[in-house]
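Chains here go by letter, A, B, C and D, matching the order in which they are written, and residues are numbered from 1 within each.
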């Protein structure tokens, strides 16, 4: 059994991870930590887990965690993970970070978008950004895995086949994504109160959202060219789910068949990528509680655009589920273990 | 007092119109009709209107309506209005159609997108498509006013200044719009049941939505060039409200100041267009129950795009409110009458 | 024009009051204060009020307010109002408190349920608890009006006719009330975040909710007997609205006609009490934005119970609307002024 | 492997059953039928089940189903099941009916509340009403199991210990229950459309709801006395979940300890009944996707009432989950099989 710990276990991503790991046949949860709720039991916060996960939450202690765990998951706000992870920690255990601190390989870009210092260079260079459904990224010899973001996972998986195969103009991409409120994390502030969100929709972080450089980095690497995207996220009055509407100009001569081949080639063997019939489009509700992405697209001959749309559960495929998938890859388990019938604790 | 009638009074747009006209100081409602609820009182369906609007709903009778009304509003599914409106009706009364039958001046385009015959040519040519906040469209001598659609009103008002002033590439426009469920009308079907919509988001009508040619027609006329748009609507789990996210490539040399001037020039005198401070963006909730559009935008120097976003209440500005505004214009009333403190019956 | 001030103007009740007073033909808003947002304009928080209410929010200053206002509304958490209101303030202006500090005439009862000291006795004795739709309570010569609570207004108006006429066993009353989330106020905490509330229902304050003694006090005074109630509130995933389901044993021999007469006698002249047809029941949506209560009931011969149900908008009839109604009464205006077409700023 | 069929597989309860049985290690789904969607694949309606359950839906054919299945689940509107189940069917297979046709043992009572004829007497007498968490009811030698209703399961499990132990006055019971919209079934009608339900709460079926006699029958049998309840259901804007608030007068001398013992005695060995700490109360969200009921209560010394509250997922514990539990009991499997980590397809 793999001994697992979670630091930041009571947030939405952290609690989803607790749920998934608790049902994973090869994992034993041995350590849970939370700054806000240290001293309380996990199940006192999530009564649905009574008698399943009654572990008392520890104050955050990465040394202790690394000593007793084979793998430690970090689910913390930006800037926290990079202050916790040192070389001695990495020598001791596997770290899978659900946050952003180790995702961008360029420290300058991190600083520019996150308005704080990047992780130390010697640590950062060990990080592997692992989009678990696309091979080149998969976790290898490293002990430091950067788990991709939620908007980014959805947008990258939706666009990758088109860019890898040079089917679209890489300067024309417009991504409008819509997310449920759990994406904002479980911290009290006015802007995510029920009455401020319910019955309304808004864009936010327009031209400044931090997932932008992550999408561009990953798509550029995959396609070996500079990809730039106009990424605009929107807040939707629902708990979970992300939809990424990606619109781009098709290159001259690109046909429906070429697009279909591109998607099939990349995702044919993937358990977790569900290509919908041509002209049908995903709904977030059908992905809730699963580690799946549903993708549908149409080529519009009037405009020469392709509109390709992906949908995921931001807390599973966009966070905890992909983290488990990355753990499976790292520990040479069946990559689908604990994820085929997953249905995370609903919020 | 203007004697007003509404045919299709119990749908969401129709009922909102009842509410607005009931509070309009220069209007008396004298006729209400509904195919589904004929014989019942309006207030039996909308108990909040008890003692205010207890009129018994008539079976649809356009002749009767035109005989007793100075203005008849039609709020019916596509194809119904064109079968009701004849020359003798137009000789007798003013028709303001909230539906789509008289919006597109090109009968072929109507047929192509609506999959049914357009209105007779002699009637259609009398129709004025009246975007009430933009002068060239305003209701003139005609007795047949085509009230713009909801997505279209929001998208056109948001984009018009940029196209009129040739600030964007008219082939690069991507509109992703998100609407509350009342936009689908008040008819029972599985896809708008609570459990099918709540907690989820989806795109629909991708590349085929009927508001596409209406947006293109209006923007083309305003800018005297062929405008083509990629329009994708999305269904959001909320009752009311539309947000139109419009992204387009800026022409070379276009500055923030030029954009600001374009918006100010067009909307400076407009009571109902609310230009937000640069870099702030609208939320649909702040427009609910009002006849206002809120618009915010940003120029992104990384991508050379402008992202401009408008928000309205689909049932007021996008339907009943604009219809009242058009009635005010037609009858030479203060255009804001009955609309400055409007707050339609909430669903 | 009555010069009005609001202290606590940015909370949900306060902002609704701003909206209503701004549309009141006999009132001019001259003062707005907010501890959290002092220095900002009201419309920067509520963009829907741009160009209508752009007043800069003051730090809370009751002396200043009382000097420039004919009436000052307080919309503050429990304990704050009693620390602000002194004799010199009351000599200077009319205070209408939307909070709980002056509602309970018994200081011991206040202390027991609110776990803090009651208002000073000399101030408290000047307070009139004014259920604006029931005569005995109406605001008289006093300058200190205690505006009833939301659950209490709904529950008392629903039950009063039965108790005044001794039609039910006053020890058998079970009130299960359900409220939208705005009732919890506009302050950031985990329990009212979107994801914690959406998709769920719970009871809270079971046997301990502070509105219990207020309901009992008012019903006891109206019926001249000791009334005790089992009051249980529930939190519903919606922004606004309260439904009070009141079940009680009918006294022997009580008929449908006797019950109808009791309701009609008390509410016949009331603009704001809407008695539904026998056997039909209210829905909160039809009261939203109005100062109305809708009431429906049924006598169950199987159980000898009456089930009587009231519905209101907690922010209007249950807070700001009733406060305006009380102001109208105090200043000898038509009690319905500013309230017949009210539709408060939607959240 | 148990061969299972579901008739009515595309409704909310039916689809939840498909989900649960698909993950049940001892069951193979061999037959699915749906009147509305015959000829389509199950996964075309529920894309989340693609590659898992692609069975083509049959037109309803009970003979075929009984020939190929060891157990056939019926999830149909009232009146349909009784017309399908004959003696030859029961001789051939096990029937577990999720509807109401076989729940009430008294045909007269059925007729009175359901306004239609009860099932034939020779069939009805074979039915066992099986509340799976309470022993006396458990499925025995019969081939016809009546699965309890949703409101009833929640209300009966919450009240049973008090009545079995004679701790409350059996004529004083007031049950106010609140349900998500999936309880109304998956059929298109105006009253369950998104805009008619969202943002509102209402009572319905006041004094006439069909679950009333079922609650009374079960509680009377359990307590060997005539139990009568005032049952009022309410519709809440959420997809799933039921909360039953049960208030009753305590008998003289009843203590907290006596109540605790009553609950512990009945539910001590129950995997699926979760007794919360004294004074804490359930939230429906923590039961979603599970076969659990959470129960909390408080004794109120002011009123001599007990308020006891239960929460379930109406589609799992209140329908499909309990049906699987009953199947497990009937087939002598571990009663928790397929239910400990269940998390039904979310709507």
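By our rule, a contact is a pair of C-beta atoms (placed from the backbone, for glycine too) under 8 Å apart; a residue touches a chain by one contact, two chains touch by 3 or more.
What you see is a predicted model; the values in this text were computed from it and never measured.
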Farthest-lying chain, centroid of Cα atoms versus that of chain A
C
Ranking B-D and C-D by C-beta pairs in contact puts on top C-D
So, in whole Å, the Cα centroid of chain B is separated from that of chain C by 37
Chain B and chain D, separation of their C-alpha mean positions in angstrom:
46
Could you tell me the distance, in whole angstrom, between the mean C-alpha positions of chain C and chain D?
39
Touching two or more other chains - residues of chain C:
180, 198-199, 237-239, 282-283, 285, 288, 346-347
Please name which positions on chain A make contact with chain C in the complex.
12, 180-182, 186-190, 192-199, 237-239, 346-347
Sort out for me which residues of chain B touch chain A in the complex.
171-172, 174, 176, 178, 180, 198-204, 206-207, 228-230, 232, 234, 236-241, 243, 245, 247, 279, 281-285, 288, 298, 300, 302-303, 305, 307, 309, 311
Of all residues in chain B, which touch chain C in the complex?
23, 46-48, 50, 198-199, 274, 276, 282-283, 285-290, 292, 294, 341-347
